[in-house]
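Heads up, the next two complexes both have chain A, just with different partners, chain B and then chain C.
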Partner chain A sequence: MSDMSIAITNLRKFYGHTAAVDGFSLEIPGASVFGLLGPNGAGKTTTFKCMLGMARQSSGEILYDGKPLVPAMFERIAYVPERSVLYDWMTVDEHVEMNRRAFANFEPARANELLATFNIDRRKRARTLSKGMKTAVMVALAFARNAEILVLDEPTGGLDPVNQRHVLSLMINEAAKGNSVLFSSHQIGQVERAAEHIAVMDRGRLVLQGLVDDLKADRKIVEGIFPDVTFTLDGIANDPHVARADRTERIVRLLVTADANAIAARLSAAGAVGVRVLDLNLEDIFLYAVSPATATTDIVAKESSS
Partner chain B sequence: MNYVEWLRVRNLLKIVAIVLVVLVVLAVILRISVSRYMSPEAWVAHMTHDPGTRVANTVLPDGTKRTIIDDSTERTHVIIDDHGYAGKHIVVTEPSSRAHSDHSHINVGSIRVVETNHGDTTTTVIDTNGSVPMMYYMAIADVVALIVATILAAPLAREIDGHLEIALTRPCSRLRFALGVLAADVAGIVAASVLTVIAFYVCQLLFESARLDFSGINARAIAMGVMMPLAWYAMLCAATTWINRSYGAVLGFAWPVAILVGVLTLVHPVNVLALFVHDIAWVISRLDPLTYVSFAAPNDDGTLDYASSNFGLRFLVEVLFFVVYGALAIVKWQRVEA
Partner chain C sequence: MPAVLTVDPRSGVPIYLQIIEQIKRSIALGILQAGEQLPTVKQLAVDLTVNPNTVARAYRDLERDEVIETAPGRGSFVRANGVTESPRVAAEIGGDALDVALREAKSVGLSRAEVGELFTAALQRWYGDLEK
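Entry: the complex of A and B
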């Protein structure tokens, strides 16, 4: 058990003239489950590759407990890529043996136990496994490594709901043991269930980060309806706690990052009727971070129908 | 040694072993089929068809079975000393004919034939159990080793093509990983050579007590026979690592291209185009380890001069190719990104 932390500072990775990651900085604390979210092409996988030395960053620094990555650290870092990298012609048992030979802390018994949990026949060759089974094999092998840091890129891809839940439990258990889990997923419900911290990437940049509970507690939608279209917000939109204001005819919706009730009171004072304060779930917060217009419409539509 | 690569090598060696076992089984069947033709009795039975032939059988004090055949009609006298598993010594004395030269000496595998003319008679001495030059074995083993080397020669490209995330997240440096992979393949290529030599030796043992000759040119053949497939492997390894996405094409076209280049170097420069093609092919062929396989230089009279073949230099070139091409593959591997 160790609280190994990761510090990424001003990471940049260019492919030709295109920036896959552009000035990304993040502190990932030890002994936690950290969710990295972002739309397709946001730079999550590239960030993982730079973190693990598989791609060389154009600039920036990545430190593990204050030290740069060296190959010996892979005894303490496990990685599950988003696509299968198993050797198709090898059996699952041979993959277990490969890991046993490569990693000092690898526990074959633990791997076999996890494979049994996922209902994987260890005698099968990888080519005969489904996409979900391949993911399960990679996850089982990673969790049997007794690594202090697990970097998991879409670790539930292709898994059925039961096994998805099992993977999430494994992640939470690892954090409870004092290890760090950094994972990406497009399934925000899973991230909300497992992660204590999240970071949201968009177009190579960090657009949001924090504790999930804090983000949810602080962020609200304040909605007000004015009697006619000739209203003014009296500077409410410029309040430092108002992250975004959308106005559609008589309706105004404000994304606030703190003091939602105070903002609601100001909106009422400005003449709005039917002022509501709406909670956000992680999906709403994510959508606000990467696509605010979509998020506002979606959130209000959900609230209206409920 | 890299476990995954060793599994690849092991699977390939299994196939090689199966093919060689089939060859040995075929040799056993052949041995059983021809056994009745291999005894002196069969020769005697054939020759005694001629009227006037006398046959005498004796056993010498050392246990050798001697058969003397005297064919007065054909004026042929044959002495067959059968040493059993240790071979036969046959002396045939017969009238000279135009087909006989004054003196000739022929070696075919373990069989040595020396023919000498004495005026109107010719004496032919046949020894069936001479030593077998190791170079014969190495020639066969090299074919197998080159095939194995060609099949194995994309180890790093295979890792790049779909398994980089496994290869690059191991607790060892890229250099160490690459060396482990190459070591597994080198061991596999050498093992394929050894298996082939053993299989063919077993085949020979089915027929006679074979003695292998490791001296002189044979020692060179062994050294070159081991090094040349390794240099060929290293060359393809470098090519496949640098052109990793098309490594299958590189391996598939390696032999046709090598043969084509070899043939083009033989083009007579009868015009500018032919000269151009010849020169280009000649330059390319200098990069091919197969070009330097030679143990002897031909003399004007058709004999071989082992002393002036520059064997040492040629062997050194093969070693250099192995090292340089291997280093090129590793340099690319060091730079690769997922």
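Entry: the complex of A and C
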């Protein structure tokens, strides 16, 4: 049990003139599963590389329990990269042996047990493995390291649903033991199931973070239908908890970040009928966080309507 | 006991609330008895493949509501009064469902009298004739 927290402050990483990560700050609590979401190119992998010392940040700092990364920490952090780092010409068995020699806490028996769970033939050379099998091998090697922090970049890439579920169960087990798991995935359903906290990155910045359950409890769509098109919103769109207002003819949809019922009552008072409060799942919440405000419907100007 | 619990992570309802609702329902229905032991946080997290802290949060709220009690080192149990209170839990579940239905009815513009008629008809359908 380690319960090690990670603090990322003002992280910036430029490649030439392009900022892959552009002023990103985040606290990752210990003993938990943390999901990092974002569209392709949002900066997730670059963030992971800076955390692991595989890329040097242009500015900002990353602290583990208040201390910067030092080589002695490498033993305590396991990483599954998005792309295979297995050696094509080596067998799976040889990778197990290599990890045994490299990491003091590596348990070969545990690795073999996990490889069997994933139905991997250990005599095979990495070259002959499918993308999903390579992912499974890297996951098995990482979870046999007895690391306190696991950083997993798309750890279910190419895996079938049964093996995806194995990976999620492994992550849950680690959190239950007091270890920290930080993972990225495009499979939002997995993040929704396994992660306690999430952060959403977009174009190198943090656009949303919180407890999955709290985000779902707070973020709602409040929908109202007005009797005719000439309605006014009485400034409801200016409420600090209204993040976005979409208006199409007689229907108004508000994305609210808290107080959904109070805002629904204000909509009724403004003359709307058929007022509903709709739940959002994590995919909806994610899409609202990363899609520009000019989505599919007309936007109500956020100034007072009168 | 865990067999009766399932969560739908894709639902907009927070997972910890789904767990709370189902444990309360199991008590109201007598599936969980007074003094019965609940799975540990870790066990339930593994069974449901959800984050242990999410399960711990549900258990904390259930303790606060005096539905379950946790003895350090022994585990969590359905409180003795949890069962004598099963009518209260049942009333709470039914009340919440009625609330949702009435809000919907009001939002589509039904009057009190119209809702009353619908309610009487529904009562007749589910509960039969009034006993003499």
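Please note the rule applied: the second predicted complex is superposed on the first by the 291 of 306 C-alpha atoms of A that agree within 3 Å, B and C clash if a C-alpha of one lies under 4 Å from a C-alpha of the other, contacts with A are read in each partner's own complex, and residues count from 1 in each chain.
The criterion applied here is as follows: contacts are C-beta pairs under 8 Å (C-beta built on N, C-alpha and C of every residue); 3 or more make two chains touch, one makes a residue touch a chain.
The shown structure was predicted, so the numbers you read here are calculated from the model rather than taken from an experiment.
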Open item on the list: Let's test your reading of the overlay: on chain A, do chain B and chain C clash or fit side by side?
Closed with: fit
Open item on the list: Just checking: does A:Asp93 make contact with chain B only, chain C only, both, or neither of them? Give me first, second, both or neither.
Closed with: neither
TODO: Report for A:Lys216: first if it touches chain B alone, second if chain C alone, otherwise both or neither.
DONE: second
Open item on the list: Looking at A:Asp259 after the superposition, I want to know if it touches chain B, chain C, both of them or none. Which is it: first, second, both, neither?
Closed with: neither
Open item on the list: Comparing chain B against chain C, which has contacts with more of the residues in chain A?
Closed with: C
Open item on the list: Quick one: is A:Asp160 in contact with chain B, with chain C, with both, or with neither? Answer first, second, both or neither.
Closed with: neither
TODO: Could you look at A:Val85 and tell me whether it touches chain B, chain C, both or neither (first, second, both, neither)?
DONE: first
Open item on the list: After superposing on chain A, what angle in degrees do the C-alpha centres of chain B and chain C form at the C-alpha centre of chain A, to the nearest 10?
Closed with: 140
- [ ] Pick out the closest CA atoms of chain B and chain C after fitting on chain A and give their distance in Å.
- [x] 27
TODO: Check chain A for residues that touch chain B in one structure and chain C in the other, and list them.
DONE: none
Open item on the list: For the complex, give me every residue of chain A touching chain B.
Closed with: 49, 52-56, 71-75, 77-79, 81, 85, 87, 89-90, 94, 97-98, 101-104
Open item on the list: Give the list of chain A residues in touch with chain C in this complex.
Closed with: 31-33, 165, 168-169, 172-173, 175-176, 189, 192-196, 212-214, 216-217, 220, 268, 273-276, 278-284
Task: chain A partner contacts - residues on chain C that touch it in the complex - done: 9-17, 41-42, 45-46, 49-54, 57, 104, 107-109
Open item on the list: Give the list of chain B residues in touch with chain A in this complex.
Closed with: 3-4, 7, 11, 162-166, 168-174, 337-338
